[in-house]
Amino acid sequence: MSDVLFDAPGPRGRRRMVWINIAATLVVAGIGVFVLLRLAEKGQLAASLWKPFVQASTWTDYLLPGLKGTLEAAALSIVAAGIFGLVFGLGRLSRSRTVRFVAGLVVEFFRAVPVLLMMIFFYLGLNQLKLVSPQDVPLVAVVAGLTLYNGSVFAELVRSGVHNLPRGQREAAYAVGLRRGQSLRAIEVPQALIAMLPAIASQLVVILKDTALGYIVTYPELLDAARRVGAGNGNILQSLVVAALIFIVINYALTRLASLLARRLGGRTAGRTSAAAPALTVDVGRG
Amino acid sequence: MHSGYLDDLGTVLGQYDVLAAFWVNIQLTVYAGIIALVLGTLLALMRISPVPSLRWAGSTYVTLLRNTPLTIIIVFFVLGMWGQLGFTLGPDFPTNFFRLSVLGLAVYHAAFVCEAIRSGVNTVPRGQAEAARAIGLGFWPTARLVILPQAFRGAVAPLGNVLIALIKNSTVAAAGSVAEASGLMREMIENSSSVILGIFLVFALGFVVIVVPVGLATTALSRRWAVAR
Amino acid sequence: MRRGLLAPALLAAGALALGGCSSDDDSSSDDNSSGGSGKIRIGIKFDQPGLGFQDGSSYTGFDVDVATYVAGKLGYDEGDIEFVQSPSAQRESMLSGGQVDMIFATYSITDDRKKVVSFAGPYFVAGQDLLVAADDTSITGPEDLEGKNLCSVTGSTSAQRIKDDYAQGTQLLEQPGYSECVTALVAGQVDAVTTDDIILAGLASLPANKGKVKVVGNPFSEENYGVGLPKDSDKCEDINTAIKAMIDDGTWQELLDKNVGASGYKANEELNPPTPAACS
């Protein structure tokens, strides 16, 4: 699209572009220099504050275990949210009005409640109930919060995935004698799921970012580990920068994976595959 | 639930100003939403502009901000922008932290606004831009008169989703020293743990009451404003 | 109706999956019997430098050293001790659930907590105090905070106490942790950080903060740090004997100096070292 918004620039246009390029570079560089100068003035650029990050122990004792915690919570959440999404997504497609209504209520409720609120509730509630071992409470609270929210998002993806299939798919299923349930199971849902895959990969980014809320309920994830590095070395700002960079690298890789998936799976479903299809617009990132 | 439980819950709710806490979240959302809309539109314009450096700056911004946890961004604004760079936005602490958190929420969601508007731009058929160029319009008139008006109408649904996410994410401002709903909920549960489920449901339903109408309104708007093609 | 059964079933399945996953990390916690087995699990903080801190694969701090000494007197070698993270909100449930045998984690003895758990000790008497810039002479106590800026952790009662009892015109910054507060203090954006004096001393003893901040040394509350025990524990007397021995043989002072002495902090001598209270 963007390439047809404007003509290929002529000589005058190109000259003007050079000037705009220079101006833009100056603005960005100017902000950068200002920030760096102020940080240097406050001593935040001192090599000693960055040195911990080139020491192996900072990584093996803090950041990598923290990253493991982040990935573990994210992996558990994605599996649980997948199951939740499938069940309630099918519930919203059910013939029974009651089932549709209840599934819709559950999905809409958990989509509207902030994940942070759910995590705090589960953390404090599970400590009271003693259903799980206290050491596992933070993990369960994080996974439960992420599952309920993202599971609801997946339920919507399943539903819209089935709705977005061409009508002919179901009609063909009926024509060969399949009943509605069989058609859903054998024809529609599998294709909807394949169409969903890229969106699921994109949703992984959201889940990974949201595990960072886990530090509020004392779950030892990457942000928590970074904060502990900062507490021990007196370099909390530098630690947060490093944590942010790790998140950005992983999430960027996942985003690329999602669009790659979208392109490769296109031929295997009658639905539309896209990492940023309308279905995905329900995902807009959370904290 | 027997009536004793409800009485206890009522007593607890009476001791705190729950509505005031929600009002803070609504204010955070409104201010951050306006700034994010302006900034996000600007970013979207940069990303479809003919100037390579602006396109690059726009997409770098989106990549960086979209992939960073919001918590870290908010802490950066308070501890970094204010704590280290001395960037002050208000006469006293509460105002200052409120405005810093608004900015943190705004720069984060601007990346998503930008993507929403870009998806709106994608709904505008190529022929529209080609026709605009054919009658001699440059980039800016094309964008302003032809593309953006249609793009915004096509972007209502995704923009609505950004707004819903923003409402819920306003709870993360707790990390920026702003007293809002999630912090109050935690305080109330820790002080009156016997009615934990009731307290949670009150806050959860509070968000449902705010979020669901927004969702319904944007869905209705996106249908009414859809450009017939 | 079918749907009604599904959600609980799903939750149960999820809980099973979770249990299955986490149990290989801490297989020892499955066995809830305490003592006698030759191993002891001790709850500490992992994120408080100078008190209980996870330093790589080892643990450092005053709480850790006191715990190691006491465990030694109870007949446990250093190798028999397993340190477990005990966040404030989980201390009671970890004790009553049997996940830890005792807790040394800046655990103040209060009547409310005594209803659920038992305490030995106290082994230290802390008090709420202020951490200020090293060259600041204008703040000597909480009354001087009028019109000043104060930092504390989100949801803590210590900052509210200052606003309510001493200086109403104090502006408050709430941060997720004390290290964030110290960063704001060193940058000059807040004038003081408040919590228990020994926690502040631990922060001030960090190499990165040395010479930049100091503890005011004018505590205005009394927090008796005790050893948290399960309600039915029979270890209280033995622990108190160990604490007395530790104070008498000079180890107590030595451990205090080693962990938080670098900040120049001296414990409140009117109350320290404490005499352990009688076991109930």
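Letters A, B and C mark the chains as written, and numbering starts fresh at 1 in each.
Convention: a contact is a pair of C-beta atoms (placed from the backbone, for glycine too) under 8 Å apart; a residue touches a chain by one contact, two chains touch by 3 or more.
Given the structure is predicted, the values throughout are model-derived calculations rather than measurements.
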| item | value |
| --- | --- |
| Shared interface partners, meaning chains that touch chain B and chain C | A |
| By count of C-beta pairs in contact, the leading pair of chains | A-B |
| Nearest-to-centre chain - CA centroid comparison | A |
| Chain A-chain C separation of Cα centroids, rounded to whole Å | 35 |
| Whole-Å gap between the CA centroids of chain A and chain B | 16 |
| Where chain C touches two or more other chains at once, by residue number | 89, 176, 180, 183, 187 |
| Residue numbers of chain B (touch at least two other chains) | 75, 79, 84, 86, 174-175, 186, 190 |
| Multi-chain contact sites of chain A, meaning residues that touch two or more partners | 42, 124, 128, 215-216, 236-237 |
| Of chain C, residues touching chain B in the complex | 89, 149, 154-155, 171-176, 180, 183-184, 187, 189 |
| Parts of chain C lying in touch with chain A, wherever the complex brings them together | 2-4, 6-7, 10, 13-15, 17-19, 21-22, 26, 29, 46-49, 53-57, 84-85, 87, 89-90, 93-94, 96-97, 99, 176-180, 182-183, 187, 206-209 |
| Contact footprint of chain B on chain A as seen in their complex | 1-2, 4-7, 9, 13, 17, 20-21, 24-25, 28, 35, 38-39, 42, 44, 108-109, 111-118, 120-121, 124-125, 128, 205, 209-210, 212-213, 215-216, 223, 236-237, 240, 243-244, 247-248, 251-252, 255, 276, 278, 281-287 |
| Residues on chain B engaged by chain C in the complex (per definition of touch) | 75, 78-79, 82-84, 86, 92-94, 97, 174-175, 177, 183, 186-187, 190 |
| List of chain A residues in touch with chain C within their complex | 42, 48-49, 57, 60-62, 72, 76, 79-80, 83-84, 87, 91, 98-99, 102-103, 106, 123-124, 127-128, 130-140, 143-144, 147, 215-216, 218, 220, 227-228, 230-237 |
